[in-house]
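Following this line, the structures themselves.
The following pair of complexes shares a single chain, subunit A, combined with subunit B in the former and subunit C in the latter.
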Partner chain A sequence: MKRIAPIDIAGGILVVAFLALLPMFAASNYLTGVLTVCVIYGIWASSWDFMSGLTGRENFGHSLFIGAGAYTAGFLSSIWSTNPWVSLPLGVVIAIAFSLLVGFPTLRLRGPYFALAMLSASAILQRLCLIFWEYTGGEEGIYGLDPLMKNPLHYYWFVLAILAVTVIALTLLAQSHWGLLLRAIRGDEATCQAAGINVTFYKIVSLMISAGFAGLGGALYAHYQLQVSPPLFSVVVSITVIIMVYVGGIGSIYGAAVAAILLTLLTEMLRGFGEYRLWIYTLTLMLILFFLPNGLIAPLWRRLTERLR
Partner chain B sequence: MLQILIYGAVSSAIYAMLAVGFTLIFGVARILNLAHGSFYALGAYAAYVLTSLLGVPLFIAAPLAVLIVAGFGVVMERFLVRPLRSSQLAVLMITLAVSLAVEQALFITFGSEYRNVPSFVADKLSIGGVDISGQRLLALVAGVLVLLGLWLFIQRTRLGAAILAVSQDPEAAQYMGIPTNRIFSIVMAISAGTAALAGVLVSPFLTVQPTMGLLPMVKAFAIVIVGGLGSIPGSIIASLILGYSETIVAYLISTSWTELVSLVAVVVTLMIRPSGLLGRRAAF
Partner chain C sequence: MTDLLEVNGVTKRFGGLTAVKNASFTLKKGEFTGILGPNGAGKTTLFNILTGFMQPTTGTIHFNGELVRELAPYKVVNRGMARTFQLTRPFVGMNLLENVLVACMSPRASEDKDKEARASYLLGQVGLGGRDKEPVETLPYGDLRRLEIARALATRPDLLLLDEPFAGLGSSEIEQLAQLIRRLHREENLTILLIEHKLREFMALVSRVIAMNFGEIIAVGPPEEIVKNEKVIEAYIGKTEEAHASA
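Showing the complex of A and B:
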């Protein structure tokens, strides 16, 4: 088992402290709101990276889990008016249920079935949300969720803490024997199988973990926006998350979280470009695929701290 | 009853046109093309621009639209997909990026409102008491002809034999002197062209809007998985199964439930027979 280098721990503490203090210097609800969204994207990106980055099985429908968590929160809080704190664990449970539904038939197989099935499942679920508008509110979605906390700053700190826990938990898992097995599966699935590793079991459980954190992020997002709508299931959300992981450096988890925060901030600054925003995103992805196949954040960090290790 | 028979045949034909191209480029070049739906959307928009904006006569506009999209497909394969071919993941990512870029480009140029394309055939026909628009019938006939033509092309011509050879073993084919890269371009052109033709044919009776490509592409995935990845006859059979089950569900229950048909079909197929109806291998 590989230990996490002290410099990585120091870097992590520094980044979290900086993020936590940032709204104190420029006290505005706008900035706090933007940062909350940044941090939630961080949870989504690192959870994607855990499953797909480590095992190499691309999940093209992470929005399925995000939307599942968010809609669970929406139904619970707005329609059945339960205590908002109930939505977090239940969002996780429902997202995991969806991961079993898609993962069980597709992850037994090699080949592109999993990627295709995830993409289709998220697209179809978005469609179903629109078709069964009597229950889901259709285009407008579900309104009037209760906030988890009254003070937006406290909520931001809470979400930031959850991101920190997510990254730490997933990094520890990735560094453990478990993570080693997952990376081995990415390397050569047939050999792993020959070595007596139950490849399917590991892939499905890692998808469940990934889905659980994504669902948690979805529920947190729903309780920040206080509404949920079908675009949460859209392919655009999935691809945004994937681009973040790519920029961060696939398989590094912390890189994905940092890239998610930076890219969401960048998107916010590009708001003036309106409809060209997604173009810029897509172009970023193409450029990275061609010129930086290993990503940007994680390799950069490793190079900067090379001497200190 | 007859209504189900005819409408099911029309949607099967359209699905088949989409699925065959998707499975062909996968079977031959191992490219899982997530931009396949954008060929369909581009075909419909090209028809719209040529007919409604430029006033080109319909029967020139249709083949022209197909050619433009086929050219787009070839350019995409040559400059974006080919340099990244060594990694399956990179191919998936780049094709997904292309599909998003196309969707956004359509959105920015044309806006999100629905566009109308004039019908190719204005007449309504009545078959055994069932009214069906000439346009739908044309889509059915064209679909059958294209599939038949494609089958003859692959089975009977020298180029078709080369395509089959590459799909069986690209390296061996290369050693036999078959220019694999050129074959990939040709197959991409065929694949993009058939998808575009489907888009052109449905444009008069379905809504033309930027996101129109996504759902048909999802259906094409489903069909290809049910029929077996890489198998053309399999995808035709699966198109018939899916096209008819959707029509039957729409008539017996309600149109809302049709979207679930393909999802259920995929899950059942992957559980019972992962290689699909006529797939060659369980996994690759």
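Showing the complex of A and C:
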């Protein structure tokens, strides 16, 4: 329906090119590794933003899908020794299965049920990993996954390409008639009903899409770390992702991806500050969210490029 | 003419309060009917029940011969019964075109392939032509009412339910909106059920009035009979005149 503005395409190409070239200027593989994690967070954040940002249904347990994708990769690659490339499609499928499990009973209801169900489901999965430690490796998790690619730089480029595809696909969807309906649901469900729209259906499908990309990101993460463990399901992961989206500018998708990359980099750079790290990080976030309730990245980008639209 | 809508013994209780009491009536295809009643008579509640937004405590509703009770509101809309809200409910943050586009996405509008063109045409139909890109936030009340009607029309209804479309409008705006509704009724082959609590607006518009008071239907008939009806006079005319005096 709406086209992506040329300036946004140009900006996107520049950012991706910059990110692709960045590790070339570092002496070691350290930066490549950090950037790989940054980019994977970008996939997680933009996939959260697609469902929750557009429909306004906050998902407090995105780690459920991330962990589902990652553990799928863990079981497949490490325990059943399948080809690591199988992890990616199956990680997507299993994450979507979980989205149906939680979304189907709760998205038809109004109120906080969906948010709470997501939160509890992710917490339950984290517990189950510990309870069934014989199969899941408990606290230690699952080790010894096969890498998808030998060269870390190639893997980084691969993951970056997937982020680019994710952001483009979700943005096109968000700007289509479909995206319009999701934003309408955010606005007023009763009006949507009066307009003949099956609100529940659209919410569930958008959650499936969101879960699919998160599961893909989870599997990619597992094949980067070559290990999965229960904290992947933790609330901390979910909250981190939500904060990234808010800093990026909710509903913008590309903003979420960029904010995820910057915030992950920031955490990494603050390592030098030792125990002050968390304080500095939290303070930065609080200042951003307090003074910029609409977020930082997307509003800033729109401001900068206003004249070029 | 066949019955498009058949309401049978519909009652709605909210705790101790009976908002609609044993209401029965039918609407024929192509009819233009009004529901008259003072504040709190149960008019909006009746609309909510017809359109699936509320379930009746007892009673049945048949639309086009099909039982619509317990259908979700969006399903009712897709069977051909569309409504507007008494307090207009636009999608804020969207422009006029997008507001109507949402309804053009309903399954019932699947024949309309070019959604933008259809939405734009409907805005023209309700007198909002050429204003596709305007935000809804700055829209005056009268235009919001028109937008609600355009959104309802986008679902290609057989029966259009209008909840107090004239409330809060000035007399020239009322006249214009009445003309629009009259035209829709004539040209689009719509059956219309319109709520109003001032008798005056009805006289020129509707061919039949269903008068309600305290949740009960107290009289049904052509407007010129309704104004002479004892019960109606007792229940409304005094109040209506008071309302007019205070307005």
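Heads up, the rule we're going with is that the second predicted complex is superposed on the first by the 289 of 309 C-alpha atoms of A that agree within 3 Å, B and C clash if a C-alpha of one lies under 4 Å from a C-alpha of the other, contacts with A are read in each partner's own complex, and residues count from 1 in each chain.
The rule is simple: a residue touches a chain if its C-beta (ideal position, glycine included) is under 8 Å from a C-beta of that chain, and two chains touch if they have at least 3 such contacts.
Because the structure is predicted, anything quoted here is derived from the model rather than measured.
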Determine, under the contact definition given at the top, whether A:P293 touches first (subunit B), second (subunit C), both, or neither.
-> first
In the overlay, answer first, second, both or neither for which of subunit B and subunit C A:I242 touches.
-> first
Of subunit B and subunit C, which one touches more residues of subunit A?
-> B
Report for A:L116: first if it touches subunit B alone, second if subunit C alone, otherwise both or neither.
-> first
Could you look at A:I43 and tell me whether it touches subunit B, subunit C, both or neither (first, second, both, neither)?
-> neither
May I ask you to decide whether A:P105 touches subunit B, subunit C, both, or neither, giving the answer as first, second, both or neither?
-> first
In the complex, the residues of subunit C that touch subunit A are 51, 53, 72-74, 77-78, 82-85, 89-94, 98, 101-103, 105-109, 115-116, 151-152, 154-155
For subunit A, which residues are in contact with subunit C within the complex?
-> 1, 177, 180-181, 183-184, 187-188, 190-199
For subunit A, which residues count as touching subunit B in their complex?
-> 56, 58, 60, 101, 105-106, 108-113, 115-117, 119-121, 123-124, 127-128, 131-132, 235-236, 239, 242, 246, 275-276, 278-279, 281-283, 285-286, 289-290, 293
Parts of subunit B lying in touch with subunit A, wherever the complex brings them together | 32, 34, 80, 83-84, 87-90, 92-94, 96-97, 100-101, 104-105, 107-108, 214-215, 218, 221-222, 225, 229, 256, 259-260, 262-263, 266-267, 270-271, 274, 282-284
